[in-house]
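Chain lettering (A, B and C) follows the sequence in which the chains are written, and residue indices restart at 1 in each chain.
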Amino acid sequence: MSRRNRRIAAASLSVLAVAGLAACSSGTGGNADGPATISLWTHAGGNDAELDVVNGIVEDFNASQDQYVVEVQDFPQDAYNDAVVAAASSNNLPCIVDVDGPNVANWAWAGYIQPMGLPEDTFEGQLEGTLGRVDGEVYAYGYFDVALAMYSRQSILDDAGVRVPTLEEPWTKDEFMDALAKIDGLEQYDYALDMGTGGTGEWISYGYSPQLQSFGGDLVDRSDFQSAEGALNGPEALEWAQWFRGLVDDGYMAQTSGEDSTADFVNGKSGLLFTGNWADTTVKDAFDDAVVLPPPDLGTGPKIGAGSWQWALAEGCEEADGAREYLEFAHDTKYFVEYGNAVGLIPATLDAAAEIPAYAEGGENRIYLEMADQFAVVRPETPAYPFISSVFQKAASDILAGGDPRSILDKAVADIDRDIQQNGGYTS
Amino acid sequence: MISPALALFLLFLIVPIVLAFALAFTNARLISPRPPEFIGLDNFALLLTDPVFWASVRNTFYFAVVVVPVQAGLALVLAVLVNAKVRGTQFFRTIYFLPVVTSMVVVSLLWRFMYQPDGLINRFLEAVTFGGFTGIDWLNDPTWAMPAIMLMSVWQGVGFTMIIWLSGLQTIPAELYEASELDGAGTWHQFRYVTWPGLLQTRTFILVTITIAAFSLFTQINVMTQGGPLDSTTTVVYQAVRSGYQQLQTGYASAISLAFFAMVLAVSLIQRYLSRERG
Amino acid sequence: MTTMSTLSTTPAATTRAPGGKTNGTRRRSVLVTVLRSVLVVFFAFPILFMLVSSLKPDLQIFADLGSWRAFLPVGDVSLDNYIGVFDRVPFGQFILNSIVISGVTVALGILVNSMAAFALARLRWRGRGVVLSLILATLIVPFETLALPLLWWVNKLPSLEADGFSLAFKQGWLDTYQVQIIPFVANAFSVYLFYQYFDSIPRELDEAARMDGAGWFAIYRKVVMPLSGPAIATVAILTFLPAWNSYLWPLMVVQSEELRPVMIGLQYFFQMNISWGQVMAYSSLITIPVVALFLAFQRSFINSIASSGVKG
């Protein structure tokens, strides 16, 4: 479907919506056939804790009014994007979708989702990384974010004789390398460090592009998102690539770690674990002396990824007003708290954090919130992101496997630039 | 009577093939507000200059050239073993066939565990060589990743090939064996002059089916290596899927598919020509 | 009667070892048994690893990975993973869907492909050879490369929908059983297997039936098909396995949970923290029915593959 057709469709829908409003205001109220159905899709299939929260919000909303009924359809995470793409290609999208943060710009560009149209002050006090913004407009909001962190044990760091880094004073690159050398010197672990290099897919971009950024490189030149030249193959990026592969060459890290880096850390195979804070509970349950460390400052300060799953209003929704009403209803501190309690990740608003003991000031998980606030860099907000990410995943794997960093990065840049150019710069 | 099948072939095979053919000459995207444009042979020009594509072609041939004879040979050994009248034939047959009925996705996950540096394969090799063997990081070594995937693929598919051989063995009339025994032929002689010629048609059949399956190598790669390390396991079908789904380049992916069709067609024509000449 | 005896050599061929019962047989049979047993280790252990791991907690699976403990149900063994699986996914629904989808695909596949093969093997018409070659040529097309165009195309197809008591056409086949079944009914490999088998059934039988005034369809139904049990069984199994294991296609075309097949269910366990124990338990659960099916039909199945499709 062409852009023009979509515009026409959108325009006629808004006419319908206006007509609907007029009908409401003229006093008929609601629909003669009963409440209108609003379908909602979520990626939380198989994740009962999160799904229960979604279902709870929907139940509350359905009970709160009698004009609309929201119906939930859940998908397992890995199947979700394909389902949305397939549905969009047949104009079968539901009214409300959830969308992974880095895909927001792409889906907005493709006309899958539309600006949410909620008042700007709705989002006050929300972590910026949990808002899906395109050209300043909010297309999506999320209830939580994830932080990248390092885990170790006090006893390991003490044995190795290295200081515990803090938010105010994270390890510098030299300190980090020194710590690795010392932990390696203990000869108690298969590897001093496990960065989850056995992971695949988006984990690679999410986990390692912040390190690239900490070196001063980036996935793409963010000034206009038209080229990756210089960002992904400049001297900083090369330095990152050499450092990254160097960790393998020095024997500090496996070229490909085990299937589950958290399990391997807990089973004593590594001394230092770099992963997302979803590992928090497993690690703390296993070790009384577990410590959470900020990622090292590799040059331009510590950096972590941002942007997890968020909710958005789909284009072509026939009950856009109802969907908007739901999204506004659901943006309630109460639900942010429920989400936070259920998934254990970082609540997206300060109000919610204050109500969750672990994330309140002085709470044991507060460090994640602080990191998300201070160190987070969202993945480039460009429709080109899915392509960029795919190219970066291959480049990072090739670098880890010992390929020549310069030619790998130059090829990645050429691929990305060609894609951007082929898509007319991704300008609509 | 053929019309239902023809109608279905037309609808669900020919139409998509024609579509793929047409898309290959456009810049169609999976997700895009821009209508596809005709771009002539650009996709193919890009394809032919892409080193990753050529690596895929090489790997695909490498895989086929090794797996076809190995799988066929091992399957024949299994078939002869299972065909021998020894107790427990049913049990062995079932065990050899187990991998065939297990989903390739599940199989690939299981072997991913076993191929880990501290996994079972290395531990086993260390044990049987009394420590003389030092572990290999199978799936991360550009030299070993493809052989590792070959081994697993043979493991999964050989049971099926075994059954086809078995069927061939069973169509060889028992009288031929009896006659050769009367002539005093040894086991090898018997195999060479009775069994092997009797399997002529089975051979062709097996050659064609394994070749086609080998060229379509995808699931194992997708689950186990994603084409790495350093493009040592990427295959043509894997590249088509990666470009189409992950990188959203429908047009380019179609061009890869088209190149793939041409490649397999050429190979099967050559195979046909060769087997015809000898048969 | 000559015809009948020719026939019987095919389906009930005698199992005959090269060799025979000579004096060296005993030593050879010991050798064969040893070889076979070594191979059992090779073929069974990965599956054993799956079953054993399905009984262990995640952390223990990884702790045991590098030792023989990986194959032994030792340590903290329980059925917790299975309980977790049933908690997490509507397993009964998924199994039922897969049974319906695979079952109908198999049934329709046998009918449609055997009819096509019959027309190719038995009826005389122009272009027969060309059609056969074309059908065989499609064998080389892997499904992955066609999925995207096919997705676009099934979206354009009309489908008949029952809405209460009225029937209505709606556009697009997404999110139905049929979209998971119909595209996979016609299958070149099945046509080929049937064709080969039919070709081995003597034409004298057709002629005898024609003498009795039977039409082609009657010959197909009453003469050829009843003799084709082995081919039918082979096609059934070969259609069943990919249908049961299909993943990519349902991922793209199915939205409702009520229509999802078993392989999609596997994805439910791949969350931020992957529950490997449950992955193993679920994998075992979806493999066991197929193995059970195979065990139940193993004799007729092996004999059936054995007697069809070999005359290449």
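Here are a few things to note about the model shown:
Everything that follows uses one rule, which is that a contact is a pair of C-beta atoms (placed from the backbone, for glycine too) under 8 Å apart; a residue touches a chain by one contact, two chains touch by 3 or more.
Here the structure is a predicted model, which is why all the values come from computation and not from measurement.
Among the remaining chains, A is positioned farthest from chain C, on the basis of C-alpha centroids. A count of C-beta contacts for the chain pairs A-B and B-C puts B-C on top. Averaged C-alpha coordinates put the centre of chain A at 40 Å from the centre of chain C.
Centre to centre, using the average C-alpha position, chain A and chain B are separated by 37 Å. Separating the centre of chain B from that of chain C, both taken as means of CA atoms, is a distance of 17 Å.
Across the assembly, chain A contributes 82, 85, 89, 258-259 as residues in contact with two or more other chains. Under the contact definition stated at the top, the residues of chain C that touch 2 or more other chains are 65, 152. The set of chain B residues touching two or more other chains comprises 30, 113, 116, 118, 245. By the touch criterion given at the top, residues 58-59, 61-63, 65, 87-89, 151-152, 155, 172, 174-175, 251-257, 264-265, 267-274, 276 of chain C touch chain A in their complex.
Of all residues in chain A, only 41, 45-48, 73-79, 82-83, 85-87, 89-90, 92, 146, 258-260, 262-264, 266-267, 276, 278-279, 282, 286 touch chain C in the complex they form. On the side of chain A, the complex with chain B involves touching residues 2-3, 6, 82, 85, 88-89, 106-107, 109-112, 190, 200, 254-256, 258-259, 269, 386-387, 390-391, 393-394, 397-398, 400-403, 419, 422-424, 428.
Interface of chain B with chain C (complex): residues 1-2, 4-6, 8-9, 11-13, 15-17, 19-20, 23, 30, 78, 80-88, 90, 92-107, 109-111, 113-114, 116, 118-120, 122-123, 155, 159, 163-164, 166-174, 177-178, 181, 187, 190-191, 194-195, 201-205, 208, 212, 215-216, 218, 237, 240-241, 244-245, 250, 253-254, 256-257, 260-261, 264-265, 268. Those residues of chain C that touch chain B in the shared complex are 9-10, 13-20, 28-29, 32-33, 35-36, 39-40, 42-47, 49-50, 65-67, 70, 112-113, 115-116, 118-120, 123, 131, 135, 137-142, 144-146, 148-150, 152-153, 157, 182-186, 188, 191, 216-217, 220, 241, 244-245, 247, 263, 266, 279, 283, 286-287, 290-291, 294-295, 298-299, 302, 305-312.
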